[in-house]
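Alright, structures below, take your time with them.
Shared between the two complexes below is chain A, which pairs with chain B and chain C, respectively.
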Partner chain A sequence: MSSLTLNSPHRKRNTYTWLYFLLPSIAIMMLFFIYPILLTFFYSFTNLALTGESARELKFIGLDNYTRMFQDPAVRISIWNTLIFLFGSAVIGQQVLGFLIALLMKHKNKLFRRVVGTIVLAGWVTPEIVSALCLYSFFGDNGTLNAIITSFGLPEVTWLFTVPMLTIILANIWNGTAFSMLIFQAALDDVPSEIEEAAVVDGASRWQILTRIILPYIKDSITTNMMLVTLQTLGVFGLIYAMTGGGPGTSTTTLPIFMYNQAFINYQLGYGTAISLLLLLIGIVLSLFYIRSMK
Partner chain B sequence: MNTKQRKLIFHFLPHTVLVLIAISFLLPLLWVLVASVDLSAMQSLKIPENLTLGNYIDVIASSENQRAFLIGLVMSLGQAVLVVILGLLAAYPLSRYQLKYKKPFMLTILFMTSLPITAVMVPVYQLFLSLKLYDNIAGVILFYVASSLPYGIWMLKNFMDSVPGDLEEAAWVDGASVFVAMRKIVAPLMVPGICTVAIFTFSGSWGNFFVPYILLQSPEKFPAALKLYQFFGQYGMVDYGKLAAFSVLYAIPSVVMYILSQRFMSKGFGLQGGTKG
Partner chain C sequence: MIKTTSGKRVLLVLASIILFASLLAGCSGSSSGGQGENGKKTVTITYRDDGIGEQGAMYKWIMELSKNYPDKNVEIKPTPIQASEGDYFAKIALALKSKDKAPDIVTEDTFILNSDASAGFLEPLDDRLKDWPDWTDGSFIEAMKKGVTASDGKVYGVPYNTDSRGLWYNKTIFKEAGLPEEWTPKTWEEVLDAARTVKTKAADGVVPIWMNMGKATGEATSMQTYEMLLYGTGGRLYDDSTGKWIVKSQGILDSLRFIETVNKEKLGPPLSKVLNGQAGNTATREYLPQGKLAISLDGSWITGNYLENGAAPWPEYKDVLGFAPMPTSNGQTPGSITLAGGWALSIPSNAKNKDEAWEFIKYALNKENSQKLVTASGNITVRADVAKDPGYTQMPFNEIATEYLQNAEFRPAQDKYPEVSTQIQTMVEAVATGTSPEAAQNKYAQDVTRIVGEQNVIEK
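Up next, the complex of A and B:
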């Protein structure tokens, strides 16, 4: 708390000064952030479209967008794709791999840590469109991965067509793992080494030390990191869009891609908004968990 | 397996795993770096036959590309400056006064930092059409500012809490106004915090693709991120060398920002704020 006391002259004189300070920020956030969120709720009950008859006349269509959404098999596919993408790249990929890297790097040679850490960080620092490009060419038909495989005498694989979901999952892992690595490195540094040493003296195995001491100790970091990484991954658009465009077919169409296609390719803004609301609700639930974990 | 073998395995296994991970992370990145200086770059990583800076020179010489980089810089810098100014103003009462609704306000701010902005882009597009801000660079900056203000306010408030209030009181006694005290006393003591927020805002906006992609239409208004995507679609299959050179040039500001941020970042900092998707 600041040391300003209630009887400080300035505080008395400027009882409402704080309003002037806060007003510009509140106004701009209201207009460009909160208002669009409220609009999301509103538009999702309308037939809003960019072209055609409904473009001229905005009508309330009740829950039609929602009934359509729950009947639309394409929505089910997108939700399923989103879950696979979230689980594969956020939970398993970034979270577990980030933890593994942080754990293995502990107590290693300083230069070795620096080199490995910098390489992993480079993927994180790279902007998403560049990441998409690097991974696109890596998995491309004439790309680096196929060049490596054929040099071992194995047949080429059309990665982006045969296993498109795997390629975007790996791309997101490449682009995001460093964040988890940094969080877990900091968390692991906080585990007191005396506890670990005591456990070793008592004859605990490496596995026991990991599951009984380290993991419970860094529980809070795991929860918070999980929320942040999941939220981040939920909103991924550019990486997928530039690599596969949601295809082939609908095999990599996650909710953001599906929302984009409905709103801007099919011009069904109302329907697109209903889908963004779904995305938003998932985000809100995760954010609430995140805030709880911060307290 | 005896103890000795076991020890050996536990010594070499982690190193091997880490080296393998590092190689798989390195390969895609190596391609973009090597291809950018290769006259006859291909889709796969190969040793360049003719080293050249031609790709870079071609990319830099194009006035279209120069404009895209300039627009990107203006957008990201403009956003960073506005977020810092507005954020400092908002953080001041939140840090210094005992406001009635401070706690719920700060929780709302924290909540907003973690919402995925991808989810609000369709209504924002609609809003921009009705406000006649669509295809307007200033409009994009305003939206960026709004979407990163929660993070900025949250961080700056926390940084401001650590600046003692006595110094300001002394300035007030000497006749300085609240604004002057803030500008001359509080802000200079918060330079690391201000830099952190500015750097994060800048790189977030520099790397963002979705927001300008939705809100801008005319190719002559495209920032570097969109230009690169356009380039990818138009010449991607033909001219890997130039594409790679463009990518490297475009990634440089992000790398520089990251290196700068290392000077201000403290340990475990990442969990204090949210991320944007």
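Up next, the complex of A and C:
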């Protein structure tokens, strides 16, 4: 108690200094992050529209957007599509493939690492819309893939029409795997080689080394990577929009595409913002799940 | 000592906040208010540029008018928006809302005009129109005024072009299949029969009939395909007398059954080609000119592609193509049907120079100038006097496409229409991919009910 009173003027000054330094970033956060989120929250309870009668005056419509969302079968389809896309491209694709590449590159010579690393990175450095166009021309009816398979005498496949979800999943894997690879490379470099060597001496198999030593050692990196990749994938829009436009039908309509359609094709901005909050919620729930499950 | 430092700090923080705020304020900017240097007033015109920029018919037309415009105190300036058709509507809605960014004149599709009018984005023109002889003396085709009249009964734009829809057919293929080269089907069954004949008699790989049937082709699916069918059964989307949307009717089922038949009997294009955003272009720019398509249910404007400066020049189109009216389902009166759309010039409520804009619209859409525009862009005129002009009628198909407008119907002037239209596309695509017409109609009824409210729907 006495020490507290003694230090109190000093302490007070410290608090202020802390505030001064943080003020600019707090201001920026408030302006560009908190404020838009609050605004989105607010608009999701209104009839905000781009045009039409509701664009004339903003009205509170209570939970209408939300009840509409839960009754709308298209929302359920979009959530389902989002989860398939997420699971296929982020969890299985980028995460597992990224880890495997990183693992296989460990202890290999520099040249090999460089060549493989550069190839994988090519997908990552390509801007989203550019890779979307590349992959569209790869999977398109007269695209590269069909040119390859027909040269072997196989029949043409309309990839974007027959297996649209698979094409966008593959596209996203190609586009994003490098990120996971880089994270896992850094994590694997941190696994001390002495422990591995000791395990080898004790007669551990490669599988045991992987599951008993490497994976437990890098589990924090796995969680972090899983979370980052999940959040990135939840928001993927340009890639899908440019490749399939959410079609054919609703087969690749993920939540971001659905939200765009509601907001800018049907002009229902209020409903669109409600969907964006659903997307935010899914992101939060999944992040919490990852954090919990890895503890 | 301490006090002065903290004072300095406060100052520093304040200064940075002010700087920061002024930086942000700089972002919002302000525009000149349409008053140019040397006292000239500027009238801006916003229209959709589909990517060809200064080669576009609209741009060339505006520049020519601007040069010849008699009032030298007014400068006419094109401010195009480069966007796809769907994005254009969203972009102008944002521009019209803004006091700074709203143009003085905007080109509005009659499809969205009512929505923008109900939103309060557009200026009613009735008071100005009543003093314009061209409008009151019958120079404009009376039926076309319906397209620019919003649900409140006021007129919000002056139309400058329109379109009609019908059955384009390839006479060479018809000859090959033993079908008449001058073809006027009287019922839907005759259309299907012609398609069946093509399927059995024409060369392999020829698509008998193309209709847009996907969500990806948007409004083309709703209007060129579904509404052409529905209105031909005598059915309607919206019941004007009760003010309700019709969500279930025999007409809906019959229309869907036509689509079902085309797909079941494989008379249509492969689904991978037609359920695709590019479907319209594939049909008009590839299949039709290459002789791979016999019948296409499409708009009168597609010949614009075949002109010398079009996207797919095809000089022989005049002789190879025929344009037949779309018959009603069983040949009942009026015998044939077309839906009409088109574009209009409107004045935004936020426009700065409304009077100057109006004067310019009167000049731009007089007989001579409006004829120049429709001729250059391959559209159909909304003016009766242009329709009679030899310079207009000599263009292939113009006379016949204009004639179809006699039975023209417009889409409901309701601001829920764009949303209902998306449900139509979903319904049509469902049937094209194998859902039964009954099930597709049930889903349409549910979805439309959710959009417009239970009290605003009706079953017939």
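Annotations for the structure displayed:
Here is the rule we use: the second predicted complex is superposed on the first by the 251 of 295 C-alpha atoms of A that agree within 3 Å, B and C clash if a C-alpha of one lies under 4 Å from a C-alpha of the other, contacts with A are read in each partner's own complex, and residues count from 1 in each chain.
We adopt the following convention: a contact is a pair of C-beta atoms (placed from the backbone, for glycine too) under 8 Å apart; a residue touches a chain by one contact, two chains touch by 3 or more.
Note that this is a predicted model, so its numbers are computed, not measured.
In the superposition on chain A, A:G249 contacts chain C only, with no contact to chain B.
Within the superposed three-chain model, A:L188 lies out of touch with both chain B and chain C [touch as defined at top].
More residues of chain A are touched by B (comparison of chain B with chain C). Of the two partner chains, neither chain B nor chain C is touched by A:L166. In the superposition on chain A, contact is made by A:D72 with chain C only, not with chain B. In the superposition on chain A, contact is made by A:P24 with both chain B and chain C. Shared-chain residue A:Y267: touches chain C; no touch with chain B. Contacts of A:A204 after superposition: neither chain B nor chain C is touched.
In the superposition on chain A, A:M227 contacts chain B only, with no contact to chain C. Contacts of A:I213 after superposition on the shared chain: neither chain B nor chain C is touched.
In the superposition on chain A, the residues of chain A contacting both chain B and chain C are 24, 31, 141, 264. Contact residues on chain A toward chain B in their complex (touch as defined above): 2-4, 8-11, 14, 17-18, 21-22, 24-26, 28-29, 31-33, 35-37, 39-40, 43, 48, 97, 100-101, 104-105, 108, 112, 115-116, 119-123, 125-130, 133-135, 137-138, 140-144, 146-147, 174, 179, 182-183, 186-187, 189, 206, 221, 224-225, 227-228, 231-238, 241-242, 256, 259, 263-264, 269, 272-273, 276-277, 279-280, 283-284, 286-288, 290-291, 294.
Residues 10, 14-15, 17-19, 21-22, 25-29, 31-32, 35, 42-46, 86-87, 89-90, 92-97, 99, 107, 110-112, 114-127, 142-143, 145-147, 149-150, 153, 161, 164-166, 168-169, 172, 178, 206-210, 213-214, 225, 228-229, 232, 236, 240, 243-244, 247, 250-251, 254-255, 258, 267-268, 270-271, 274-277 of chain B are the ones that touch chain A when the two sit in their complex. Residues of chain A that touch chain C in their complex: 13, 16, 20, 23-24, 27, 31, 49-56, 68, 71-72, 141, 158, 160-162, 245, 247-249, 261, 264-268.
On the chain C side of its complex with chain A, the touching residues are 2, 6, 9, 13, 16-17, 20, 24, 86-87, 89-90, 93-94, 97, 112, 115-116, 118-121, 214-216, 218, 270-273, 275-277, 415-416, 418-419, 422, 429-430, 433, 450.
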